[in-house]
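Please read the structure below before turning to the comments.
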Amino acid sequence: MSDTIALDVAGLAKTYRSPGRDVEAVRDLTFQIRRGELVCIVGPSGAGKTTLLRCIAGLLDLSGGQIRLDGTAVTEPPAGMAVVFQEYGRSLFPWLTVRGNVELPLKEKGLAKAARAAKVAEALDAVGLPDSADAHPWQLSGGMQQRVAIARAIAYEPSVLLMDEPFAAVDAQTRADLEDLVRTLWKRLGVTVLFVTHDIDESVYLGQRVLVLSNRPTVVLEDVPVDLPDDRDQLTTRSSPQFTKIRTHVYELVQSAKRGERPEPS
Amino acid sequence: MSDTIALDVAGLAKTYRSPGRDVEAVRDLTFQIRRGELVCIVGPSGAGKTTLLRCIAGLLDLSGGQIRLDGTAVTEPPAGMAVVFQEYGRSLFPWLTVRGNVELPLKEKGLAKAARAAKVAEALDAVGLPDSADAHPWQLSGGMQQRVAIARAIAYEPSVLLMDEPFAAVDAQTRADLEDLVRTLWKRLGVTVLFVTHDIDESVYLGQRVLVLSNRPTVVLEDVPVDLPDDRDQLTTRSSPQFTKIRTHVYELVQSAKRGERPEPS
Amino acid sequence: MKISEFPRRILIALGLPVVLIALWWFASAGSTSFFWPPLSTIVQAFPETWTADPLLHDVLPSVARLLGGYLIALLVGVAAGTAIGRSRTLRALCEPVLEFFRAVPPPVLVPVIALFAGYTGSTSKVLTIALGCLWPILLNTVEGVRSLDEVLLDTARSYRLGRVATLWHVVLRGSSPRIAAGARQSLSIGVILMVISELFGANRGLGASIVQFQRSFAIPQMWTGIILLGLLGVVLSALFRLVENRSLAWYRGQRDAERER
Amino acid sequence: ACGSGSSDDTDSGGGPTKIKVGVIPIVDVAPLYLGIKQGFFSAENLDVTLETAQGGAAIVPGVVSEQYQFGFSNTVSLLLASSQGLPLKVVSAGNSSTGDKAKDFGGVIVRADSPIKTAADLAGKKVAVNTLKNINTTTVNKVVRDAGGDPSTITYVELAFPDIPAAVAKGDVDAGQVVEPFLTIASSQGDRVVAANFAGTDPNLMVGMYFTSQKYATEHAKTVTSFTTAMAKSLEYASTHLDEARAILSTYTKLDPAVQKSLVLPKWPADVDRNSVQVLSDLATSDGLITKQPNLDTLLP
Amino acid sequence: MTTTTPTLTGPAEIRPVRAAGRWRQPALGLLGCLIAVAVVEALPRLGVVDSRFLPPFSTMARSLGGQLTEGDFWTGLGQTLAGWAAGLAIAMVAGIVVGVVIGSVPLLRAVTASTIEFLRPIPSVALIPLVVLIYGSRPQSALILVVYAAFWQVLVQVLYGVADVDPVVRDTARSYRFSRWAIIRSVVWPTAMPYVVTGFRLAASVALILEVTAELIIGVPGLGKSIGVAQSSGAVPETYALVLVVGLLGVLINVCTRAVERRVLRWHTSVRGEA
């Protein structure tokens, strides 16, 4: 079984140290994600979701525990991983055009020019920005910037995709389209997706499982399986009673997390 | 009647000019907001909502039309106005602590030290950040940063409050709390609120009217009155049939806006 | 961990200098070249050359002038730089003239300053130092002010922060990393100009002494002077770092926040 | 040395020997320019390139490292250098005082309305010189002492020659020691000359000399002899053809024609006046510029 | 809602301003120069300074006009420019390479910090006897001084520029596993670019200053040497005429730098708003 585990987070702890202010962001996170799984993470603001994602991405040193990706401990950003940062605006290179931003990682990957151009065009098309390829990021609206960051990640065709509230800045309709885009890609490419969101409906709609995090210092409050059929669509899935049941459950969990409820120490 | 009109946007047009790329963001926006009204604005990503808010805040030069606040044309940021920017992270002063950030505008307003301290504490409390007063913004999570920006705006006790997707980065429960906070403040202080959001439920729950904007170049697609009782609460209001009716209508409008539908030129 | 930190930092700070000094020592040990005396000779000459009297009457006044000029440059540079950075009109108006004066070598500019500020005495020397230190500070302030984040400025405007508050809390703080870059650069330029200024109308001073040694072919002594200049630079820069670390703590923290490794 | 067979002493069969001479582009070195023009150097099979610099500070190291084979410097600088152990060798006289206290090529100027009337009045005053602790201070000290003043009360400040008349005019200094052409320029603007510090020190005061490094002198004795011979001819020629010497100035300076016509030329004796060099050496010692008198036998030819 | 259509006047006058803006910059610059010229003309004429020592501008200009016809002047100008350009180029390349390398490796930065601070304040003028020792008054002497002085200007700016990389941008690059070289090329370099431009502007004028000073003092051929000759001949107007040329070179260099900056820093906050 262990060979189907893509991501193994064991006893993860992270404390931010700065002179005069130590913040224990994550206390003890343990969970596993199978290869090709789509897992959503929800939790109160400031719980440590971004911290967790950064740790998995190999961008932060851990204070304790271990993260293994495909069996090897993560100490630096692993290959084939793409991250959509919560600070989408700051994660775009202002000196490059939208096209340049999407293209750069592909260049780094060593793709030929023609292949790059095709992938860039396709990705920009998918996020609804075919016309803005030559604009600079700071000439775009917030939502457009966020979509560029998403386009960059999907054009990269990663094997692991980490997304940190990637749809926070787009309108409802675009959001729905992007949700479907993520699911399509996930199914097509078999990519392992870890998706942080504040939208509980979204987490249930997208995920195969929803990890609900507790208040800071963070532990896993509950690992909610989403037993909805794999074929989902915005209308029918969202109106199914099962969906409502799960979303209500998750909602209650988040509320209790917010109130400071924590699982019994085992 | 005109003396109860707080904000009068007439024929507003805005084109961003840069060498080789002119973007007509807003073509012709005309609407009015009464003093003490709470109006929500929704529209597709990239429609020009941020642009509109910046114009009203007196931060952008108009390309055409006029904006009048309390009868005088807006040419520079008017007094008594607070703005929560979409780029919340960038709008906080990184060299100040959270407290410093909230306090600075109050200092400028000429408040005494004790009064400032009280207001800062109250505002931070209201957004759920009483413990982070001494942290610097870059030590906070995205959602916490956004709440600092909100705290700064409400501590300022403005007479006009412009909010640009202010709850995009916070979790569902916090979001609900903040929504209620805004309504409470609005009722208590009689402040005129212009609230941009992508969450259609939120726009209906909060607003007395919802302005739906068209695709770019932007015009008003429809001005939807929200005839719900003034006393709203998260559970009962959201489950009322009237709420569902309005939200469905707005949702359809946004969808059609996204498809590129525009009102007939009158 | 905290305890082992200190010796480590000392090692890091002093490691390379020690190696370089050792290299110099051995490379120059058998030197017979008149202008490249052995380091041992220079070290021997040091205490003889810099006794209390020259320290008090040469080095101290020089350093005082240096600090005076530097502070003037800092004040004027930041003030003018802010004004020029904020106003396109002012920038267009001033830039060519400023660039002109910036390009004029001090050896030919100093006599002109002297024409106004007097040939002897400290005024013209302090002015010379100030004028030389001005440019990096001015340029960096202008660029720092120009590259302020628009969202921050918009925030300040929308909350109607007053002119003074905007300048103080937003513009200066926001451009302080760049101002610091300029100020640091100026520090060593100040030391250089301290020497150059003393070529004119001086009879005492650290710079004048060095030139004097050079002219009277007291080469080991000249080297001690150069070393003293270097040491002065190190001390000033350490002081500078102290101030910088306090006032730019936020910037360091922000830039290092996610870069813990 | 000839037998050593090293370098250019043996190559007289080939082209002319190329030498570089470091000079300061002032009146003092006119004979060198004139001599080159007159062909005295090519006659000695020397191909001379002149490298100009602002002062001895740049020329002495250049000669020591043989970037220049020869250089021109003032006598006291040479004394200072050799007393510090720098191996220099004077190869030719350069220029000397006219010996006429009323008409020398260097002197101390004051403003027309200055209360300073004689050298003795300089005591206690602020005097500008172009280099501290050098020929100008020692000679001014000497003439003040001779006139009965106490030179130790003089405050010297260092200013470049071009700036001294301006500083005197502005009143920043009470007096200034200048050489031609600034003496003429200052006089024409109304300044008074209150002391002829060169002539007053010694009527034959050797102000500047041409020199090389001792190493070069021994290794290239023949070239040095040729240079000395050509220099002697040049100095001789210049002394006897003052108009030509004056005319050549315009080729390497930017003198105002009027100044060029009226400035006082130094004397260009063919031989080094050892006496006056000894005088300067003594003065340098008594003024504390040097602690150990250089050996004039090794320094002078 | 409203019956009266709003009149489209108000702050819509953007186009004409922009059209005029094209000429505004240089016109203002020229105006600034004219003011400076007027001051330099007036000061000696009004007797604020002695015109013997600071002649009025017209006198300088006349003298300059005279020199423009001389071949020597142009040769000197060419030599100065050649020396300046060579020295600046070397200093820029060295400063950028060393700065990026030291700046990207924190340990290296810590190790070298004290040494750099020691070497920087050593004045190039103090190095004059040493370079003369090695090269005499050949152009190499000036080159060493120019490179030495300009190098530090670039280095310090690059060091600060490299430290200015936005952590989120850096993390983005790292998460896409950019190679070290790619991070330098596509993240560090663009971030440091504005600093490099400032470093260039500072270094350009310092290089010019040192080139001219070296020529002046050591006698390396070039404009500075001519200034030295004019100075020691007491030719005040000629001296200032040449100084004028040096200053104008500085202005010219800056104009070019600004033009380049507008192209390469189009994306940067400092330039965006001024398009």
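Letters A, B, C, D and E mark the chains in the order given here, with residues in each chain numbered from 1 onward.
We take it that contacts are C-beta pairs under 8 Å (C-beta built on N, C-alpha and C of every residue); 3 or more make two chains touch, one makes a residue touch a chain.
By chain, UniProt protein names: A, B = ABC transporter; C, E = Nitrate ABC transporter permease.
Not measured: the values here are computed from a predicted model.
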Taking a step as a move to a touching chain, how many steps at least join subunit A to subunit E?
1
Of the pairs D-E and B-C, which shows more C-beta pairs in contact?
D-E
Quick one: which chain's Cα centre is the longest way from subunit A's?
D
Averaging each chain's C-alpha atoms to get its centre, pick out the one most distant from subunit B.
D
Could you grab the centroid distance between subunit B and subunit C? Build each centroid from C-alpha atoms only and quote it in angstrom.
48
Mean-CA-position distance for subunit D and subunit B (Å)
83
Quick one: subunit C and subunit E, Cα centre-to-centre, how many Å?
18
Show the residues in subunit E shared as contacts by 2 or more other chains, in ascending order.
50, 53, 129-130, 133, 168, 171, 216-217, 231, 239, 268
Counting only residues that touch at least 2 other chains, which ones in subunit C make the list?
35, 111, 115, 149, 199, 214, 253-254, 257-258
If you look at subunit B, which of its residues touch at least two other chains?
18, 87, 90, 139
Once bound in the complex, which stretches of subunit B touch subunit A?
16, 18, 21, 23, 42-51, 86-87, 89-90, 134-135, 139-144, 147, 165, 168-175, 198-200, 251, 254-255, 258
Listed in rising order, subunit E residues that touch subunit A in their complex are 166, 168-169, 171-172, 174-179, 182, 186-187, 190, 193, 267-268, 272
Parts of subunit D lying in touch with subunit C, wherever the complex brings them together
55-57, 60-61, 64-65, 77, 80-81, 84-87, 126, 128, 131-134, 155-160, 162-163, 166-167, 170, 172-173, 289-290
Complex contacts: residues of subunit E adjacent to subunit D
50, 52-53, 128-130, 132-138, 216-219, 225, 228-236, 238-239
Touching subunit E in the complex: which residues of subunit D?
20, 22, 24-26, 51-55, 57-58, 61-62, 64-65, 67-68, 160-162, 165-166, 169-170, 181-182, 185, 189, 252-256, 259
